[in-house]
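Mind having a look at this structure? Questions to follow.
Note that the chains are named A, B and C in the order they appear, and that numbering of residues resets to 1 at the start of each chain.
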């Protein structure tokens, strides 16, 4: 029999080894799934993990990598604060949508005025504010009525999606669009466009924002009292109360950070890669970012790496879809599997396995 | 009375890094009340769990009534006639008394019949109990009664009791002992685990003493002095804490009409508590668990806010302030639960030092953490309080209970507070560490700090208090000079055997 | 706008149908949570049940085999959660989320090629005599069998928790796992069984959507029903009969908004579509929840 025994100290080695092992196991099991689907497993794995960076069309896919990783990292950094503190905002997708809508609305309100110095920053502020507002709802309900923030934030995703559809169909619909749903293209309006800063690099303002968020989060967690309070609240809520951390305030701040960053990610997306408000411009970044946050161990640098890895599976998945006919659902499964295996091997961080009889 | 009921032969159980029991052998006679004594960590719990089928020994064997006894799980133990009353009750707050009892029985009768049986047995043994009450609403003494009756309904041959008196008032202890004597007369054997020497001397006819997992002595407690037994238990003569003579000074802490609602469903409301504590004085607050101790500490530490004027330090009203503002005002606290309340188990000692030391030790500047200073503070505490650990980078949970407690109390004392509030300073701590903690508290008082020490250990309070008061259902008795108070007087202050009468009325 | 097209009898009858998936899934989750486990993967198990049930039905032509397959599928997926949380001691919130994400991917993969196919019909049974009662008959006694399975499940769970020994043990494990362990109950075994039961029920709920309510397969077709089931368990304060009220409330809002859409009311469709979710939030806020099981969501590890 195997028994688990709690380690006196969390293992440092496993903190780093667990995500790597999880990725390796996912590749093996994922390969097996691809084989079951009748696709050559090694080629599929290579197409997903190697080709986007080094393959034939890498010059096209490499910039895509940053474009996809940017929002994932930005959202995941925000979520990581709450997750560390035991506050489960899983409605980042909704906050992302509302942030994008707020930003798009702001930008389009000025159309066709030419004032990038004013409009673009205003849109960023609107994106942040929209996401924060949407996250403030579950935060407020949790503090005031003890309503479960997991369920409320998730319900609000569906509400946000309905609002998004309505916006695409009515308020923000392009008046010159011949009645088709969808707004004007913000990336073609020079005052609002979130364009590549260096051509063909994939780097736009959102990517810069993501990197800034990583640096800032690292600093807060390592050196600032707030970062310490976040960790304390997550590990021992009672001890945090004793140390003077106000639980309600902590919930509010963490929800606002995650909502704000998700909203900002939505803004950068709607003004750049997505371009316009449509019925379903959201592609699930808010949910995938949850995987990114965990895979990155809720650590800023880990999230940076995990975000790039997850972006790789998106792009590699698209390539595999084109070249091998691998269904895109397989990639979704692949991402879910990654989180599963991480949670499974994570046990090694706090426990060691002992062979021998149980009690 | 000489027939053997249970015989233990060479029981050994090792865990990684520690041998909990090493070659333990002794016998329990029929109808015998047998004491198992030892300090915290001496291996009593492991041994008892072995007998109750929760732990399997590595080597060694047991014989019950002349037959080999190898319980694979508690059910098997219960089927063989072994029953146990746990120290930390194995009860379910949200369920009622009858349901709780049914869960501890192999083949419980239908609920209606069971309720009748409970009434019957509880009357027979003088332990009145209403089967329909929700256990979470019961007092500690009543909860223990649930456990005892659960055992008695199965006609046990051997009843194991783990520290049963730690939650009782002296008067309740007397009632319990009467019950145990009835059982003894009926031929039931009792394995009585305790470290309270006087109790063992009144109740038990045989004692086995464990130290570091080994049997270090056997004696007849009625013929052996408490001092000798204590030395066998600890392995050395004990240092008794001393307080340098001094006069109490100005009033530092005033609690004025402190009232607060119960913070959760099974909590206790505080009712109009008023008391002053002076410089250099130790106010001991006794009481049975669950009478408002946690709530009082929370109201003083700032975790629970009250009206401003209910808590006053040096003339300043602080009832509305949070924990850190109160620390700045000079009030430090140490709650009862070390793991997860006074300390964060998964965090390093440095981080734990920072947790409460940030304000008074100036470890945070402009919101930024001063890690070197926090580490230095942790090292200071480790050194001054002889905390056994490889260093401040180790996680709090890697420390033994006694060492972590020394760290937690030391952390507050080293901040030189004006007022120190501590709850159960030596709970679950070995005797040597307990003595050093008590000495440190007394030294702090001599240096001019006003100390409020809440404890359920009456011996401890008698040792260190200048004045004594008791918490009872959220009310505090007027404090009295500790010197000269008898154990009976203290018992009455704690509420006597009030639970009994309450239970009678309800039943 | 034409309200006369809304038939109150049909409305109430379809309310019972709309509530059934939620009842099934929430009943399972109620047992899981009473055992002290928080499984947030209901949505993932539902959607997995929806597709396994759909595939089995289309393949065999029998909805009964389909529902059985859905229960197996849901329970199978829940075992993953059980293994991770009970043996590998992973965080239940994170693992539940992973289960949902995984289930959505898995079902989409399995459902390749099943899009757009119509499921064989699951016939209604008109209970003799009483289904002919005017008004009440069509509302209550003229449904497909799963509607009654759902109601029976609630009654069964109520009886199980209140009167059976096993139900008492299950509640004890959920209330205080340390104490249950000290008394010799197998906490992990009981929880694994509860988790599997929850998975099977969620699978049935999912299959009800793909086989009866819609009845065809589309990716992500459960559309948050699993989350609503979780919310209803909280709303019900972990009590079976209150769960029924919550599910009917939700079913009522859903059916009403669909009817209003059909009646062409002036409110845009999107705002009607969001009403069930907003209703769920309101219900969570307004009903102050009862006391959750004491050990809910906590990791159990038998130490010395």
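The criterion applied here is as follows: a residue touches a chain if its C-beta (ideal position, glycine included) is under 8 Å from a C-beta of that chain, and two chains touch if they have at least 3 such contacts.
Here the structure is a predicted model, which means the values were calculated and not measured.
J.: What are the two chains with the most C-beta pairs touching?
T.: Summing C-beta contacts for every pairing gives the maximum at A-C.
J.: Among the chains, which is located farthest from chain A on the basis of C-alpha centroids?
T.: Centre of mass proxy via C-alpha means gives B as farthest from chain A.
J.: Averaging over Cα atoms per chain, report the distance between chain A and chain B in Å.
T.: Computed from C-alpha means, the inter-chain centre distance equals 47 Å.
J.: Round to the nearest whole Å and give the separation of the Cα centres of chain A and chain C.
T.: The answer is 28 Å.
J.: With chain centres defined as C-alpha means, what is the inter-centre distance between chain B and chain C in Å?
T.: Result: the chain centres lie 45 Å from each other.
J.: Which residues belonging to chain B are in contact with no fewer than two other chains?
T.: Expected reply: 54-55.
J.: Name the residues of chain A that each touch 2 or more other chains.
T.: Only 359 qualify.
J.: Counting only residues that touch at least two other chains, what does the list for chain C look like?
T.: As it turns out, chain C has residues touching two or more other chains at 304.
J.: Going by the contact rule set out above, which residues of chain B touch chain C in the complex?
T.: Residues of chain B touching chain C: 15, 20, 46, 49, 53-55, 73-75, 77-78, 86, 89-95, 99, 102-104, 108, 265.
J.: What residues on chain B touch chain A, complex-wise?
T.: For chain B paired with chain A, touching residues are 16, 54-56, 301-303, 322-325, 327, 333, 335, 337, 340-347, 351, 354-356, 358, 364, 367-369, 371, 394-395, 397-398.
J.: What residues of chain C sit close enough to touch chain A in their complex?
T.: For this pair, the touching residues of chain C are 40, 80, 84, 88-91, 93-95, 97-99, 101-106, 108-109, 111-112, 219, 223-224, 227-228, 230-231, 234, 268, 270-271, 273-274, 277-278, 280-281, 284-285, 288-289, 301-304.
J.: Where on chain A does chain C make contact in their complex?
T.: Against chain C, chain A makes touches at 4, 6, 37, 88, 90, 141, 145-148, 150-152, 154-159, 162-163, 165-166, 169-170, 287, 290-291, 294, 327-337, 339-340, 343-344, 346-347, 350-351, 359.
J.: In their complex, what parts of chain A are in touch with chain B?
T.: So the residues of chain A touching chain B come out as 5, 8-10, 223-226, 228, 231-232, 235-236, 238-244, 246, 354, 357, 359.
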